[in-house]
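We just call them A, B, C, D, E and F in the order they show up, numbering each chain from 1.
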Amino acid sequence: MRRGFYIGRFQPYHNGHQSVLEHIAHEVDEIVIGIGSAQLSHLTDNPFTAGERVLMITRALASLGCPFYVIPIEDIRRNALWVAHVQSMTPPFDLCYSSNPLVVQLFKEAGVTVQSPAMYERETLSGTGIRSRMLNRDPWKDLVPPAVVQVLKEIDGVERLRQISQQD
Amino acid sequence: MRRGFYIGRFQPYHNGHQSVLEHIAHEVDEIVIGIGSAQLSHLTDNPFTAGERVLMITRALASLGCPFYVIPIEDIRRNALWVAHVQSMTPPFDLCYSSNPLVVQLFKEAGVTVQSPAMYERETLSGTGIRSRMLNRDPWKDLVPPAVVQVLKEIDGVERLRQISQQD
Amino acid sequence: MRRGFYIGRFQPYHNGHQSVLEHIAHEVDEIVIGIGSAQLSHLTDNPFTAGERVLMITRALASLGCPFYVIPIEDIRRNALWVAHVQSMTPPFDLCYSSNPLVVQLFKEAGVTVQSPAMYERETLSGTGIRSRMLNRDPWKDLVPPAVVQVLKEIDGVERLRQISQQD
Amino acid sequence: MRRGFYIGRFQPYHNGHQSVLEHIAHEVDEIVIGIGSAQLSHLTDNPFTAGERVLMITRALASLGCPFYVIPIEDIRRNALWVAHVQSMTPPFDLCYSSNPLVVQLFKEAGVTVQSPAMYERETLSGTGIRSRMLNRDPWKDLVPPAVVQVLKEIDGVERLRQISQQD
Amino acid sequence: MRRGFYIGRFQPYHNGHQSVLEHIAHEVDEIVIGIGSAQLSHLTDNPFTAGERVLMITRALASLGCPFYVIPIEDIRRNALWVAHVQSMTPPFDLCYSSNPLVVQLFKEAGVTVQSPAMYERETLSGTGIRSRMLNRDPWKDLVPPAVVQVLKEIDGVERLRQISQQD
Amino acid sequence: MRRGFYIGRFQPYHNGHQSVLEHIAHEVDEIVIGIGSAQLSHLTDNPFTAGERVLMITRALASLGCPFYVIPIEDIRRNALWVAHVQSMTPPFDLCYSSNPLVVQLFKEAGVTVQSPAMYERETLSGTGIRSRMLNRDPWKDLVPPAVVQVLKEIDGVERLRQISQQD
């Protein structure tokens, strides 16, 4: 039994994340998905709550065909403790998938195997880019799974992002 | 679509919790299960990590037949903020199932509907009772789902409880 | 200009506090009233929020005839920092009125003058005693200023105390 | 009885705040004034302690003719919990006056009525602008109530701002 | 090069600690001494600050003949993160000396070697016992190194303990 | 007996710090060295843990000829409480050596004597500059004591800095 860990902030969850997870699903028996900065919401860079992100991910992966766990991970602002924090909140995992240099370093120092997942196109597929498009009223719905479009509609998420991004 | 919320510390998850959740599964479309005091572990009253409890619950409910989310909820020690904290970490829910007087009061003040679930036998089925039996080497495996027995074996959980419960 | 500091948890504010403050009002030009453990509420020992306690105190002292400030003070759980914490949240004061041995010691070590206020009858007038009477449905309204009775009625405070004090 | 809430950082309290509060005083029976980022002080952007700001506001509003409460509000860095945090620290209020987009959004999501107060001239009247003038030794005393000039003199506030703004 | 770790609360540091450390000094090249619950002071069970305890230990070990580090360790209330917390605050160590069952378990789970040090007489030599003697004005000076007697005199430590232990 | 306090982040400890401390060693009987932002590590601006910095400082000062204490100081993000926090973690000191304008102001407001130490050449000797050189593979070993070169080699510190400084 082989369990892999993948973490992101998912603000919002998009096709790049989906593609990485579909790839990981073929390599492990179970996936643990950590939602980073879980305590943040209602910020221009972090507009959605952890619970809203849980909903996006779970619905988007409904037909993944590989069991997965979705776990909110609050920041602890102590890098030296972060791996222990993650491990205490998640089922035990054997390897971590990440391309983030800090995450890679922290897991390596903790003795956890790290793999860099096949990378999606960062220029078009990034949370920053998609939030920008939402603010500029450029098309964005093709960049996220249909389930995410639906969740954002239910929570009036794009309107929230626009409101909190106004100048004071 | 009707989503219900149920919270416990699940130290460990036992047949009482299982029976309540099987009951709730017939009344709602989805269940959000909150793991309370998620940050605590390695204590006589809270021996298991949130991640270990996620594993117990997910495996034990594998054949529930109702979609569910398992979400670790760290304590915030601010009762007046607790409902907002829970709501930020979970998909939106319509009603809360609880018999805990404080939980009932906090959700009522926040305007959330609360129902008291059909109660299991608290005398035989309680985390406190089961941890006691583990410490006293009394039989306890019949009081929890088979999946919990297996998780505890994998993490050497009973041995951990015994070790940390020794007198200094 | 002479400013005095007085702190309590005021769960609830009662005639003993009122009598001490009326006494202090004759000795100083302004009073700073700190509401301790401001972050706590909905607990058997700390049922009321800081805001509710602000309301009790402000109304009860409406005709004090001495200007006063009512300042919620959150706990910091670091005794060595507590005086600096209090001083950062309050207008500067010249002396502290307290009979609490720890408060006396902390202010003395910080070089602040401390006076022990004329004491009220602790046996009949104490937050613990009044909360007990509320729970046991014994008479309690004569032990608090009329304004406190009114605030408690507005917030349904006694009912809240009874609900959260039930056994799980 | 109608109670309104108004929040600012008041670094320092200035004529713009004063004018808004005088306006609100005609619309409500009582005003609750929240001092935001109460825990911050001795920073270029937040030079004054919460207690010092309590003093500025209380003195400046001495002849407002409308009862008011001045409540320090520490940051919690959890936007989804912020309204509950504010409400726990303040007497209950019916409406919030704010032009800050985030504050407006958070109160709206919490179901609290929000009004945008008649706006003062942000270009000349802003904390940032006034702190800049203090640092550059440009005239600033006409931009704040006389009581604020006096408080700043008592605490040697401008000198503090200049000292902490020096380059290391 | 072999470095050993030893932790205690040292409220106060006594002859039992001294004897254990003298023993450890023969087994390792350097000793790292952690002061637990460093953030606590001015409490009946934790009367002395971390800085005061640093002073007691450093002076008492002046002629130990083995290099040592004295490091205050604040509590983190997250047992699953505690070893990582300790390791981030201390020079790397090879083994831990402890008889505390929780400390033993946490280090073992983290893969650190643990040894139980030769034990002192817990009945006569314990922080609790010595604080009790101080409160009851029973003899206690023979139970601690002379340097500790001197530090306690300099900080007026016994008087502080007596003052904060009074009933309110 | 005269004790001086000196604080820095020491990321890493370099010849400028060494030179200041050698100077202070001639003016006082004992030195307390505070390691600021002790909780931070694995960041581009704060790559090394408190424990690693303890090691660098202690080894580099082995032949200082003046007793010294090395104390990790975690941030508290409350400037008004910072001096009390430092004082609770350190042996009592009589004067503080600092050129940092904020540190100077905070200690002055707390009534502690502050001296500006003889300054080293900030342009060549600064943590920022040295970390830059490490990243750019420019020579840096001559800017730190030999003991620091050795510690960085033992912990593979330069490699860590390079890894965490990569773009995501």
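Heads up, the rule we're going with is that contacts are C-beta pairs under 8 Å (C-beta built on N, C-alpha and C of every residue); 3 or more make two chains touch, one makes a residue touch a chain.
Predicted, not measured: the structure shown is a model, and the values here were computed from it.
The chains in contact with chain D as well as with chain E are A, B, C, F. Over half of the residue numbers found at the chain C and chain F interface occur in both copies, marking it as a same-residue contact. The mean-CA centres of chain C and chain D are about 25 angstrom from one another, to the nearest whole unit. Here the spacing of chain B and chain E, counted between their Cα centres, is 37 Å. Averaged C-alpha coordinates put the centre of chain B at 46 Å from the centre of chain F.
Touching of two or more other chains is recorded for residues 39, 41, 49, 78, 80, 87-88 of chain C.
Taken together, the touching pairs give a contact graph of some other shape, not a line, ring, star or complete one. Every pair of chains meeting the contact definition is listed here: A-B, A-D, A-E, A-F, B-C, B-D, B-E, C-D, C-E, C-F, D-F, E-F. Residue ranges on chain F touching chain E, taken from their complex, read 38-39, 41, 49-52, 54-55, 58, 69-72, 74, 87-92, 155.
Interface of chain D with chain A (complex): residues 77-80, 99-102, 104-106, 109.
Against chain D, the residues of chain A that register as touching in their complex are 39-43, 49, 160, 163-168.
Chain contact summary for the complex, chain D toward chain B: residues 76, 78, 80-81, 83-85, 87-88.
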